[in-house]
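One structure follows; several queries about it will come next.
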Amino acid sequence: MISNKKMIRETLHTRARNEILDLTPLVQRMVGSAEMQNGMVIIFSPHTTAGITINENADPDVKQDLLTKLSKLVPQSEDYYEHAEGNSDSHVKTACVGNSTTVLVEGGKVMLGRWQGIYLCEFDGPRERQVWFKLVGFDE
Amino acid sequence: MISNKKMIRETLHTRARNEILDLTPLVQRMVGSAEMQNGMVIIFSPHTTAGITINENADPDVKQDLLTKLSKLVPQSEDYYEHAEGNSDSHVKTACVGNSTTVLVEGGKVMLGRWQGIYLCEFDGPRERQVWFKLVGFDE
Amino acid sequence: MISNKKMIRETLHTRARNEILDLTPLVQRMVGSAEMQNGMVIIFSPHTTAGITINENADPDVKQDLLTKLSKLVPQSEDYYEHAEGNSDSHVKTACVGNSTTVLVEGGKVMLGRWQGIYLCEFDGPRERQVWFKLVGFDE
């Protein structure tokens, strides 16, 4: 059991107001370093304007279309927004996409579908962001 | 290990059709009472018109803007809705926001970002609602 | 502890571009076969155009309204979509609904609210799809 280890906090830098960063290689490396064979990884964004999702990792146009469509649905400015920071849209997008996910590990491998990648979704960058990773091993 | 304890069912009362209730102090108290040091809490809404999300817990305008924007995107009435109860919008919002989340516990503390709170999102109130909480301790 | 068992991979066939398939009886049967009394099931779609959600399992109109509303919000064609496969909408819907969920098990029973069902949401069918199920038993 390795689940008693503290969660890992990684710092990432985003470069645009809306951006998707691929966390997949990072997660796989953590699982390798921990020598975890069988378990799960809980991936958690401690932010309220940046979420976590799993989506296509092949054609980069998919990421772009996702960000563009979300910005069309939830534009930065609406005359009824009352929050003074001008990032109410970022909060709404984060609530829709979600701020955490769980992936399984089997045989030391992060289990994802062929086209899937684990993403940090920046909705109010550019910023320094943290992502938290908790590796929980299951009993053999 | 405390993970064999049954989940805790809490009853809450909402006061508006759309409302966000902060569950954070409740979750922290449960973790304290259980004396859980290291683990996770799975928070689950057993309803189909009320979800669970994590978002900003500082400026209450964020909650208001989130509810308003969701109601603009998903209005209560659409001429193509077939469900006779008049709450198809509440189901759509719940599917987008999600009905559960998982938070980590370390050193007896619910691990959240500085601005985060755990929320019950009421989308078809006012009602009596249940939220289920499962505390799962990790081995030391 | 049964958590060391490999995840179960089920193959399902969808029949429409947008469709909701009920996974609830399948999950309950798996829990029964594994004789799991106390634990959780992580349900994961390894696809980027099909998600997992929990919503109403009583009136089928709710499923229809959910699919219709999502297609109004996120139509198949937008002049700014760059992804050449013509399914950018399917990716956006999957990101909004999410691609996994966790349900609790107590006394051998999948714990859901009275009206809830666990759903595979097909957003780019008809196709053959996989869903992954990981049963994690908690210590007694």
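Structural remarks
Every chain is named by a letter (A, B and C) in the order it is written, and numbering of its residues begins at 1.
The definition used in the following text is that contacts are C-beta pairs under 8 Å (C-beta built on N, C-alpha and C of every residue); 3 or more make two chains touch, one makes a residue touch a chain.
Bear in mind that the values here come from a model prediction, so they are computed numbers and not experimental data.
In this structure subunit A contacts its sequence twin subunit B using mostly different residue numbers, the overlap staying below half. Remark: rotation between subunit B and subunit C after Cα superposition is 120° (nearest 5).
Distance from the subunit A centre to the subunit B centre is 20 Å, each centre being the mean of its Cα atoms. Each of residues 73, 96, 98, 102 in subunit C touches at least two other chains. On the side of subunit B, the complex with subunit C involves touching residues 1, 3-4, 6-7, 42, 44-48, 73-74, 78, 80-85, 88-89, 91-92, 94-96, 98-100, 102, 130, 132, 134, 136.
Across the interface of their complex, subunit A is touched by residues 38, 40, 53-56, 59, 61-62, 64-66, 68-70, 72-73, 96-98, 101-104, 106, 111-116, 138-140 of subunit B.
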